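Both complexes below contain chain A, partnered by chain B and then by chain C.
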Partner chain A sequence: MSKRTKIANAVQYVVLTVLTIISVFPFFWMLIAMTNKSVDITKGTLLPGTYFLENLKNLLASDLDFLGAFKNSLIVAVVTTVLAMLVSSAAGYAFVVYRSKARERVFNLILLSMMVPFAAMMMPLFRMFSKFNSIPGLKLIGLNSYGSVVIIAIATAFLIFFFRQNTKTFPKELIEAARIDGLGEFGIFTRIYMPTMKSVYAAAVVVTFMNSWNNYLWPLIALQSEDKRTLPLILSAMGSSYTPDYGMMMTAVVISTLPTAILFFVMQKQFVAGMTGSVKG
Partner chain B sequence: MKKKNIHGRLDLKAWIFIIPGLVLILSFVFYPMIQAFLTSFQTGVANNLEFGGLANYQRMLTDSTFKKALFNTLLFLVVQVPIMILLALAISSMLNNKSLKFRGFFRTAIFLPCITSLVAYSIVFKSLFANDGFVNAMLMNLNVISEPINWLTNPTFARILIIIAITWRWTGYNMIFYLSGLQSIDDSIYEAAAIDGATGFQKFRYMTVPLLKPIILFTTINSTIGTLQLFDETMNITQGGPANTTITISQYIYNLLFKYQPNFGYAAAVSFVVVILIVVLSFIQMKVGDKNE
Partner chain C sequence: MKTKRVLALGLSAMMAMGLMACGGTEAPEDTAGGAASTQSDSGSKDEAASGDNSLTIWAWDEAFNIKAAQNAADIYKAENPDVEINIVTMAQDDIVAKLNTSLSAGSYEGLPDIVLIEDYKAQGYLTSYTSEFADLTEIAPAENFASYKTAVNQVDGVVYGVPFDSGVAATFYRTDLIEQAGYTQEDMQDLTWEKFIEIGKAVKEKTGAYMMTLDPSDIGQIRMMMQSAGVWYTDAEGNATIADNQGLKDAIEVYKALVDSGITKQVSDWDQFVGAFNSGEVATVPTGCWIAPSIQKAEDQSGKWAVAAFPRMEANADSVNASSIGGGGWYVLKNVGHEELAKDFLSKTFASSVELMNTLATDITLVSTLNAAAEAENYTKGNEFFGGQEIFKDFAAWQQNVPSVNYGLNTYALEDLMTEAVQAIVGGADIDSTLSDYQAQAEAAVAQ
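Up next is the complex of A and B:
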C-alpha cells in the first residue's frame, strides 16, 4: 500500500467513525435517558441511571394509555400485514404468470398511483370514511375503527411492484408441472408459489409491518377517539407536552422502537431488501 | 373452440387474483384524488359546498401562509436533498473501498436511523435540541456558545434543525441504494484508474457518479416526492413554528382541515399544488437525467 493510500484510508476511517457516532448517538442517548430522572437528563448526563423502573411505572400510570396504544398498534400492524401479503402478492403474481396486454395496462395504472401524494388524498379520504360509519355494512372501516387504518394499507403499488419483480425469478416449469398434476390455479399459488417465495414474503412482511407500525398522518386523522390511538399518536402527544418528562418519554420511545429494532437485527438482509424494494441489497 | 374456452376461464381466474388489489387502489387512491380535484373548485365551510370556479386557486395567490408553506417546502427540498445525496454518495464510495476494515459495521451503524419511526426520532431530536437539552448543554460545556441556542424558537435555527433531523434519518437509506449499485461495478476499472494515477476524488467524480446515474436519479426523485410531503417531522419537532417558519404544505393542508374551520375546497386546491409539483419535478429530473447520458 502506498503512503498516499494509507493517508487516504486514515481520513476515511476518521470520517466514517464520526458519522457512525452521529448515527448511533441518539439511540445511545435514548437508552441513557430511559434510565435517568428528567432533571438529570436536562443536565446532560451520559451515564446510565437507576430510574428505569420509576420511568416505566410513570409511563404505565400516565393518562395516555400506553399499553392500550401498544395493543392497538399491534392489532393494526398484524392484520394489515397478513391481508397485504395475500392481496398484494396475488396481484403481483398474476401480473407475471398470466401476462396479457390488458393486465399490463392495469399494472401501469397501479404504478401511476405511486405518484399520488397522500396530501391530496387526506381530505377526500376523511370525508369518505366519515360517511362509512352511517352505512351498516361499512361500519367496520369507518372513522375510529382499526379497519379504517388497515384498509388503505392492504394494496400498495410498492408491494404489488415488489412481488411482480420477484415473481419473474419464479420458475415457470413448477407451474406447468403442478397443472399436469391436477392442481388448480389457486392451489398453485398457495401451495407452490407461497412456500417457494418465503424470503420474498419475509422482506415484504418486514417492510409492511414497519410502515404500519410507524404510520402517523392517516391514523392521526382517522383515529381520533382516545381508545383507538396507536403508538405514534401517543408519542406525538407526549412530545408536545409543555413540561415533558424526558425519562418517561424516552422509555416510551425505546419500547415502541423495540419491535422494529428486533426485526432489523434478526432479519437484516430481508429488512434492507424490503426497504429498498426490488433493488438487490 | 374448446381451447378458447379454457383460455377464457384461465383469464377470468387471473383477474380474480388482481381484482381485490385493484379495487382497493381505485377506491382509496384514484377515487379520492378525483374527488380532491372536483372539490378544489368548490367553496364553503365544512360540508356546505357550492361551485366556486377558480376562487380557491385565486385565494392561494394572496395567502401569505400558503406562500410560506410553499417556500419552506421548496427550501427544504433545495437545501436538504442535495446535501443528503452527496453525503450518501460519499459514504457509499468509502464503504466500497475494499482496503478498509469494519465496513459491515459502519454500514449497519449508518443505516440504523432508518429503523426509527418518524414520530419517535422527531421527539428524540426535539428533546436533544431543547433549550435545556443535551446539545445546548454540550455546546456550553465546550464553551462553543455562552447562551443556549433557541433551536426550536429561532426561525433560522428551527429550519437548520429540521434539515439536520431529516438528513440524519434518511442518509443511510439512500446509501444502501448506492452501495448495491457500486457492487455491480467491476473493480477492475477502478484498479485501471488507480494505475493511471487517478485520485480518490477524480475516481468519485468521473467514474462513480456517472456509473451510478440511474440510481442517483431514482433516489433524487424518491427524496423529492418525500420532501414535498414532509409532515411528521415539522409537526412533531417545531409544530411548524416559530411563526410558520417551518410549516410545510402537508401541514398547512392538515391545519386547513382540522385546526381552523374546515375548508375542504381550499385544502383540496392546495393539495393539488403538491400533485403538480411532484409531476413537474419528476418530469424535469427525468429529462435532465436523459440529457446527460
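Up next is the complex of A and C:
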C-alpha cells in the first residue's frame, strides 16, 4: 500500500471519471433538453429550463399518437419477452439435457442463422407475412398485426445459445434426483430448472425487452396502419421535419427510455450475475 | 431411438407452445387494446375503406406537410362531409422503406392513397413502379405550375404528381451584420458568389460572425449552384455527367473558395446548422425558402433579417440568380383502391385551390408552386420578422427563373460519391482529374 498504489488508484479514478462523464453526458443533455424550448436547445443551452410542461403538452397534443405508440410498444415488448423466455429457454434446456445425434447439427444450423443479416431476410419475410393474412388462423401473425412483430422475436439464435451455455452449468444431479422422485419432464423444467436459473432469466429478460423495445426495421415495414405503430417509429416521424421541435422530441425520448431504464435498474443485480454465467445451485 | 423421440416431442411441444401461447395472449390483448387496434376491427375498417369514402395520406414533417394536408382536408370536407381523410405523419426514409417493400411485393394492405414524394426521388419511383401511380395529367396540367417543378413528375409526357412546395433558393441575411460590415441591402441584390465572399470577409473582420455554415457531409450548396447554371449530376437523358461538366466544376470551385476564405462555419448536422443562425453566429443562410420558419424561431432577431435572391456564379455565363433545393409533390397510388376519390381530392385542393395556398402561406410559410397562387392575398403582405419585406412575392418571382434540370434516378447515390470527390478537391486534389476519376464510378452507379 505504498505511494505507488495510491498514484495508480488516482489515475484509475481520473480515467473512470472521464469515461463516466462521456457516457452519462448524452443522458444528462437529454434531461436538460426536455425542459427547454426547441430554439434554446439548438443554441446549446446546458441549464435546466422551465419549458417541460409546455413540451409535454405539445407532445400529448401532437397528431402523432404518442400514448398509443407507448401502449403498442409495451404490448409487443411484454408479450415478446414472456414468450421468448418460455420458448428459447425450453430450447436451450433441451439442447443440453436431451441427447441425440442430430442435436449438434440442429444447433449449428441455428447458430448459422445468426450470420444472416436481417436486411437480407427482410424481403422474403415480408412476402411470407403478407400471405399469412389470407390464410385463416394465421391472420393473428400476418402483416400489420402485433403478432407479426412478436413471432419473429421469440425464438432467436442468441437467446437459445445463451440458455444452452448457461444450462451446461446446471447440475444434472438435480434432474436425476427429480426423476427418481417421480417428477415429470415438464415439471422438472418448470419447478426445478426455472427457479434455479432465475438470474439467467433476468439477464435474458433485460436483453429481450430492450431489443424488442428498440426494434425499428421490422416493425417499420410490418406494422402498416398508424394505430399499431411503436415508439421508435413515432420518434423517427418526429425527427424528420424541416423545423423539428427538439424540446418535444426530447420529452418523448426521455419517456420512451424510462421503461428499459427501470427494468434494468430493478434487475441489475441478477443481470450481472446472469451475464457472468454463475449458477449457484 | 428413444432420445430422438424425446427430442422430436420436445421440439414439437415447443412449437405448439409457441403458437398456443401466442394465440392465448394475443386474443385478450386485442380486446383490451380498444376498438382501434383490434384485428377484426381493422378488417372491418378495410371494408369501410373499399366503400370508397376514406382516403389515407402519408407525408413527413408534422409542422409543414402534415399541416398542409390537414388544411386541404378541411377544405375538401366542407364540400364532401361524408369523406373520411386519414393523415399519417411518417419519416421520409420510413415512407421510402415501406413503399419499396410493399410495392415490390405487390402488397397493398395499409398503403396510402396519396403519398408525398421528394422531387429528387420522384423519377426513381415513377420508373420502377410506373403502373402503380395514377395518371394526373388532367387534374394537374404542367402549364399550371412553375416549370422547373414539372420536369420531375412526368414520364413520357404523362403527369404523375401534383407539384407542392417550392424549394426555391434564397439568401436569408442579417441586415444589421451586413450594415456593420459596411455594406447595404442594395449590395445583396443581384449577388454573385465572388461578391458574397468579399462581403463575408468584411463581416468576419468587423463583427466576428461567420458569413454562412457549411456541412462537409451535405453538399446541397453545390447542388443549388449547379442548378443555378442549369446543369445536374446527370444530363437530360439521365447519363452521369461528372467530368466535363462546366457548371459542376464552377460550383465546386466556388465551394472551395468559400472554404478557403475562412468565412464559413463548419457544422456536422442539421441541429448545428439551425443552431448557428438561431444563436446569431452566421450572417447569411443561402438555402431553400422552407428554412424561413426555422429562422423565425429566434424571436429576438425579429426585424433583423431580410431575403435576397440566390447568388449566381460569375464565372459561369449560364448561372442565374435562382435555384432550388428540396421540395416535393403529391402522388396517387392507384392500386390501393380509391384512385378516383384521391384524384378528386387533389384536383380540388393542391392542384387548383388558391384559397388553400393563401392560408398555407401564413400557416406554414409555404411557397406554392401553383402559378395562380401568386395572386393570393397573403402573398402581398409584408412580413414583420423580415423587416416588412413581401417575401412571398419575391420567392414567387425568383421561382419563375429557376432553371429546369433532370434530377435523374440516382441523385442520392451520385451525391454520396460527389461528397467524397468534393472533400478531396477541397483538400487540394486536382479538380479535373478527380472529376474524371469519379465519372467512371458515377456511370457504374447510374447503370445499377
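A few notes on this one:
Here is the rule we go by: the second predicted complex is superposed on the first by the 248 of 281 C-alpha atoms of A that agree within 3 Å, B and C clash if a C-alpha of one lies under 4 Å from a C-alpha of the other, contacts with A are read in each partner's own complex, and residues count from 1 in each chain.
Quick note on the criterion: a contact is a pair of C-beta atoms (placed from the backbone, for glycine too) under 8 Å apart; a residue touches a chain by one contact, two chains touch by 3 or more.
All of these numbers come straight from a predicted model, not from anything done at the bench.
Superimposing the complexes on chain A yields a three-chain arrangement in which chain B and chain C clash.
Once the two complexes are overlaid on the shared chain, A:M30 sits against chain B while remaining clear of chain C. In the superposition on chain A, contact of A:V150 is made with chain C only, not with chain B. By the touch criterion defined above, A:N108 lies against neither chain B nor chain C after alignment on the C-alpha atoms of chain A. Judged by the touch definition given at the top, the superposed model places A:L64 against chain C, while chain B stays out of reach. By the touch criterion defined above, A:K43 lies against chain B and chain C together after alignment on the C-alpha atoms of chain A.
By the touch criterion defined above, A:M238 lies against chain B and chain C together after alignment on the C-alpha atoms of chain A.
In the overlay built on the shared chain, the residue A:S134 is in contact with neither chain B nor chain C. Put simply, more of the residues of chain A are touched by B, taking chain B and chain C as the two choices. Of the two partner chains, chain C is the only one touched by A:V79; chain B is not. Residues 41-44, 87, 90-91, 94, 98, 100, 103, 122-123, 126-127, 151, 154-155, 185, 217, 221, 236, 238-240, 244, 246 of chain A lie in contact with chain B in one complex and with chain C in the other. Note for the complex: chain A touches chain C at residues 38-39, 41-44, 62-64, 68, 71-72, 75, 79, 82-83, 86-87, 90-91, 94, 98-103, 122-123, 126-127, 130, 133, 139-141, 143-147, 150-151, 154-155, 185, 217, 220-221, 224-228, 233, 236-246. Considering their complex, residues 3-4, 6-7, 10-11, 13-14, 17-18, 21-23, 25-27, 29-30, 33, 36-37, 39, 42, 60-64, 66, 86-94, 97-98, 101-102, 104-105, 107, 109-111, 270-272, 274-275, 278-279, 290-291, 293-294, 297-298 of chain C touch chain A. Residue ranges of chain B in contact with chain A, taken from their complex: 10-11, 13-15, 17-18, 20-22, 24-25, 28-33, 35-36, 39, 47, 91, 94-95, 97, 99-100, 105-106, 108-128, 130, 132-134, 137-138, 141, 168, 172-173, 176-177, 179-180, 200, 215, 225, 228-229, 231-232, 235-236, 239, 249-250, 253-254, 257-258, 264, 267-268, 271-272, 274-275, 278-279, 282. Contacts from chain A toward chain B in the complex involve residues 1, 5, 8-9, 12-13, 15-16, 19-20, 22-24, 26-27, 29-30, 33, 41-44, 87-88, 90-91, 93-95, 97-98, 100, 103, 106, 110, 113, 115-128, 151-152, 154-157, 160, 185-186, 189, 210, 213-214, 216-217, 221, 231-232, 235-236, 238-240, 244, 246, 249-250, 253, 256-257, 260-261, 263-264, 268, 271-272, 275-276, 279-281.
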